[in-house]
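Every chain is named by a letter (A, B, C and D) in the order it is written, and numbering of its residues begins at 1.
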Amino acid sequence: MTLLLEVTNLCTEFNTRAGLVRAVDGVSLRVSRGECLGVVGESGSGKSVTFASVMGLVRSPGRITHGMIFFDGRELRDMSPDEMRATRGRDIAMTMQDALTALNPALTVGEQLSEVLIAHDETLPAGRAARRVAIRDKCVEMLGLVGIPSPQSRLAQYPHEFSGGMRQRIMIAIALACRPKLLIADEPTTALDVTIQAQVLELISDIRARLGMAVVLITHDLGVVAEHCDRVMVMYAGQVVEEGPTEQVITQPRHPYTRGLLASIPRPAMRGQPLTPINGQVPDLVGLPPQCRFQSRCPMARPECLVEVPMFDAGPDRRARCLRLEDMP
Amino acid sequence: MSFGKLLERIIQLIPVLLGVSLIVFVMLALTPGDPVQIMVGEQSITPEQEAELRRDLGLDKPMVERFFIFLGNAAQFDFGQSYYHGRPVSAVIAERLPATIELSLVALIVALVTAIPLGVLAAIRKNSVLDRLATVGSLLGVSLPGFWFGILLIMLFSVHLQILPVSGRIGYASEVPTVSGFLLIDTLLAGDVRAFGEALRYLILPAITLGLPMTAILMRVTRTSMLEVMRQDYITFAEAKGLPRRRVLFRHALKNALIPTVSVAAIEMGSLLGGNMIVETVFGWPGLGRLVVESIFLRNYPLVQAAVLLYAVTYVLLNFIADILYTVLNPRVKL
Amino acid sequence: MTEATLASAPPADSLFRRNLRDFRSNRLAMASVIVVLIFVIMAVAAPLIAPQDPNETDLFRRLQPPAWIEGGEWAFVLGCDGLGRDIFSRIIYGARISIFIGVAVIVLATGVGILAGLAAGYFRGWVDVVIGRIVDILLGFPYLIFAIGLMAMMGPGLFNIVLALAYKEWVIPCRVVRGETLAVRELEYVEAARALGAGSRHIMWREILPNILSPVIVVSTIRMANVIILEASLSFLGLGVQPPTASWGSMVSDGRAFILEAWWVSTFPGVAILLLVLAINVASQGLRDAFDPRFSE
Amino acid sequence: MNALPRLLLATALATCPGIFPAAVLAEDLIIGFTLDADTLDPANHRKRETETIIRNIYDGLLTRDANMLVVPEIAESMTQVSATEYDFKIRSGIKFHDGTMLTAEDVKFTLDRITVEGAMGGQTSPRQGLMGPVASVEVTAADTVRITLKEPWPILPAMLPNQQIVSKAYVEKVGNEGLATMENGTGPFKLVEWRKGDAVILERFDDYYGGATDIAPVGKACVDRVIFKIIPESASRVAALLAGEVQIINELPAFSMAQVAANDGTQVMTVNGTRSFFIAMNMEGEAFDDIKVRQAAAMSIDKDLIIDKILAGTASPIDGILSPDAFGASELPKAGYDLEKAKALLVEAGFPDGIDVTMDTEGAFKDTAEAVASMLTKAGIRTTVVVGEGAQLSDKWRTKGAPKSGDMYFTSWGNGSLDPFDIFTPTHRTNDRGNSAGYANPALDALLDAAAVELDVEKRRAMYREAELMINADQPYVYLWVPQDIYGVSKRVTGWQPSADSRINLHDACLN
């Protein structure tokens, strides 16, 4: 598999009133073509900001301070705003957590879908009438693809006229309209009922297989990752703490935080064992000393953990950010 | 929006309009003095005429009944006779109305076309020099007393620079036949560009004075709501779609940001209507506002009463239209 | 403050104090507060401050220019009006009228508005419907036109202006109070008080009112600026207080006749209105930012 | 103002098509005028401004020249047949604006419409009072109309210029309401358009018969069009004149005279007015029933100072009710400004601490009333000015004998005819309509009644002299002054002169 996205040592900072917050601190990651990467972490762990940085959507007062972002062989950070615009939506697409807020309430679904095509699709015919027909056909096709019944009649409707699951599908249809090479799905199921969660994830997997695109699935749900992702990356307080093939990470976590996460969710494999929450809170990211960020909550923490901890190799294609990597059971 | 819902909304207007009429009726009914004497003022009428007027007004009848007589007459635009003018009140008002409407509309347009772009610019260039200027300007705009600002404008442009006329509405435009009563339209209909420019010259200062507070408020509202909207997920999503900046700003952001602007504009129409009285007085504009002010001092109360009712009903209807516009802009709200 | 109350006070940094601190750190707002205070002092201590009797006419000083222009003198800093009265002294006395009417209307309107709003929001049902209807109807009138209509019928006079403005003004605090009451009445502590058997009056005054006061105060200060402009507008149209009482609006109006020869007659009173209203607006915006951040930008 | 921004602004405005200055048509004479006409019906108004506009459209039986001399206009001649009968011979060949010929019937119709109760569709003309004791109007020959009076009324000729002749057929066609906005007069100008509140646009009536033969030149009007442009604000009116937007303005404020005179293309024109200003003191009240208090008030007011400073010398002080130009006016003893004596009189009257009084006045006179009030205050008559509105004050003070409240009333009475009957009787006869002081003097009443019908001019003059001396002694009013009418006029205007009756007659005005 060839490499599609490679991020190296990305740092993104926010200049807030309370002080400088390094929301993304030296994150490196890779996504191959067609691959599905799961990104897990609590809220505030920097997972969303990381990919907002990739998309070039970090807004003031935030900014990328350093790092490299190679996508499909090009450095995204060197692109002009216009080039970046052309890339977004066409090559890299994104869905957001809640379709209710991500879809513009004042515009029809049809308009929100067709505008992506107008912005990016160069295969559209030139004539006005023909163009309009082509756009409409494509919109209908996309809505059909994500499983909206009788799509023609629904193009003129507004987002609030759809159910939650339907809205999520519409958002996905919009993201996929230009057949992107990479889809970043930011918490695609959090806002949904359990039954619909499964359908939506099914849909993403299904389309991914059909279109052969890569997917980054940002979630805080390890169960979702286990089911859908090839590889997983765990983030904590702005840093990647562990990454590797899903199966291995879940069965044999090499970072205490990953272990904690796994222990705090019900899993069929752990049936019968008590759930143990992680004690404490995510540290305030302002003025953080250079030391292991998890140590305040870590059951395995030792005095020597009060130093800056790099990523260690933890087996083939696996890495973890823990000094006590070897002590892990 | 279905016809049924629209009808429902129209029916909801009725109690408000009734209440407004009641207050206007009570205003005159409670004015101390004999209503007939008040209506007639300095003019003399015969005893027979006076008796007839008493009968018409139903002064011998109980208050409630008199109110319904008033309502019935008002519904037919019958507000009695303006004895000063020797014509019905409604005729006198109708003569003055086009000038007032023209001035108000131009002021509204001036306010909208300056406030909205400025508000948007200030929002997307937050904290820039322009934003700060706009903020200061809007504060000044709501704090400037219109009557004083108008006088300053006259001193500068009419007296000192002598580039704009001092007072009134007429000029070269007097050559143009009256069709709509709006000089800007009539001059264009007549194909007389020069008269159009002339009419415009007379309009500039009053329209700016009248539109200023509204401009200030709308600019602030547009800026605030634009900032609010720009924080929304759907803007991020629109950016993520790689749409052109213009489309994100004007189609996605502005359409939503305009929703509160429309509501506020409707409310501010009240200050525009009230401001007419001031601005028309300062600029000698021959509209209804000045007529009302003059009539107050002549104690021509029937005319004042009719005009107050007219202004209030107009305001209620404008707000109703704004409500409808609101639903057009905001599909989430159902009538 | 005694030590005992200090000890029993809630955590030193109560919300109110933090808000107050926020407000104090807003320099522009503080400057505006100082400007407003200066006007208030001018109004209260007018007889002590004014260099001249505001109503003393002296035809030999008719249209005398401000001090820095040839023909002016420093005892009559801002010049004299058409009857040779000192404009500066009249502006100082005029502050009394503007501020008195501003405060009187707002106090009256806020009092009535709180009562009506609390009743509507707390009892709901028919009380709410009736008050809501009245509010809707009053909102159907453009403000100035309503006031002009009333003044035309009642005749000019200080007391009548206060009434004419307050008749409509109360609607604004009423709507705010009603909305806040509706939101607050379902909150836990109110429920708790009700469960403990507190009477309606106790709940409204002791539990609800203190918690909705901030937005009401913020709205009231913003409205005060508006009321002052409205009063000046009425006076400008000749529907305000009677001469020779100095009122800024009528001073501007009187000066209109002289704009060709003596610009200062209507310019300075206008500047006074602008300064006071601007200061109130800036200060109230600061208040809103500090105390009611929901509405701030 | 610096030249550069001025130039920039001017350029900016000039580049917009059609925005830069209106080239007014050469022959448009534009009058910057204080008030719009209420109506164009000559029989349905009581306002000077309305009358001014109407008089350029309609002609009367008689008119006045610039020197207030009454001369025939539509009438060719007037003959007094007896003490109560006047015959008017109607000029032939007079056309209404619609082309029909004026007949004696039209004259009778017009006068009946004014004098007969309820003749205007049930309403009585508000001008009825101006026609005094007219009993009937008859057409006695094809070209002759006879007016019969109930009693002798020597000022009928002086009052007739106030009434304009309408077309009977036209009024019957358009009705009273139609006549309010449309016209069919015989005057030198006809109506083109009335932009209500903004302007009255008139154009020359080419079939005009020429007007009064005693006033040269006879013939149609000089200018093509006349526009009364309504500019209520005095400063705006002056600015418009200075900017050349208008050629004549009325009510030029006294303090703007210097500026208009100094300006290159404009001049100031004045004419002695006919309106007497005075302060009524309520003689039924507690303080002013004492002549000493009334004298104190009169002595505390420095009329000359006010005339000098506020009215820029454009008024004549009076010590009786009559204008110096009026019939019967004469030199009278002056009260004279004497502050100390005024204070002393007040003490003598039993008010050592002074008195607190109010003075009612209309907004238009606020300025002078306040100046007067501050002078009274200095003498111990502490006066507060209360601005009221005309009709309301009129109700309050002109009670025709009914009890009244109030202390002082700063007011005026017009005397367009300059005949004492028109001003002396209403303001001083017991319980008459303008007797706002509540003055009651049977001896004066008898004298005024006799003077009204006295046909011998010299006897009559002596009677009014005697009456003036009576009121000068009793001082029911503080008699103030008769102001001049002041006009600002472009030097392009020729052939026009202001008239003492405050009307602007534009028949003879030309424009260079």
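Assume contacts are C-beta pairs under 8 Å (C-beta built on N, C-alpha and C of every residue); 3 or more make two chains touch, one makes a residue touch a chain.
All values derive from a computational prediction rather than experimental measurement.
The most central chain, judged by C-alpha centres against the centre of all protein C-alpha atoms, is B. Comparing the centres of all chains, each the average of its CA atoms, the largest separation from chain D belongs to A.
By number of C-beta pairs in contact, B-D leads when B-D and A-B are compared. Centre-to-centre separation between chain B and chain D, using Cα means, comes to 38 Å. In terms of their C-alpha centroids, the spacing between chain A and chain B amounts to 52 Å. Averaging C-alpha coordinates per chain places the centre of chain A 89 Å away from that of chain D.
Between the Cα centres of chain C and chain D there is a gap of 45 Å. Residues of chain A in contact with at least two other chains: none. Contact with two or more other chains is made by residues 233, 235, 239, 363 of chain D. In chain C, the residues touching two or more other chains are 238, 256, 259-260. Remark: chain C residues 55-57, 59-60, 62-63, 82-83, 156, 238, 242-244, 254, 256-261 touch chain D in the complex.
By the touch criterion given at the top, residues 1, 6, 9-10, 13, 16-20, 22-24, 36, 38-39, 41, 44-46, 117-118, 122-124, 126, 128, 176-177, 179-181, 193, 195-199, 201, 227, 229-233, 235-237, 239-240, 243, 245, 363, 389-392, 394 of chain D touch chain B in their complex. Across the complex, chain A is touched by residues 232-234, 236-245, 247, 251-252, 255-256, 259, 329-332 of chain B. By the touch criterion stated above, chain B contacts chain C in their complex at residues 15-17, 19-20, 22-24, 27-28, 30-31, 139-140, 142-149, 151-152, 154-155, 159, 223-224, 227, 269-271, 273-275, 277-278, 281-282, 292-293, 296-297, 301, 304-305, 308, 311-312, 315-316, 319. The part of chain D that touches chain C in the complex is made up of residues 233-235, 238-239, 242, 253, 255-256, 259, 305-306, 309-310, 363, 366-367, 370-371, 373-374, 384-387.
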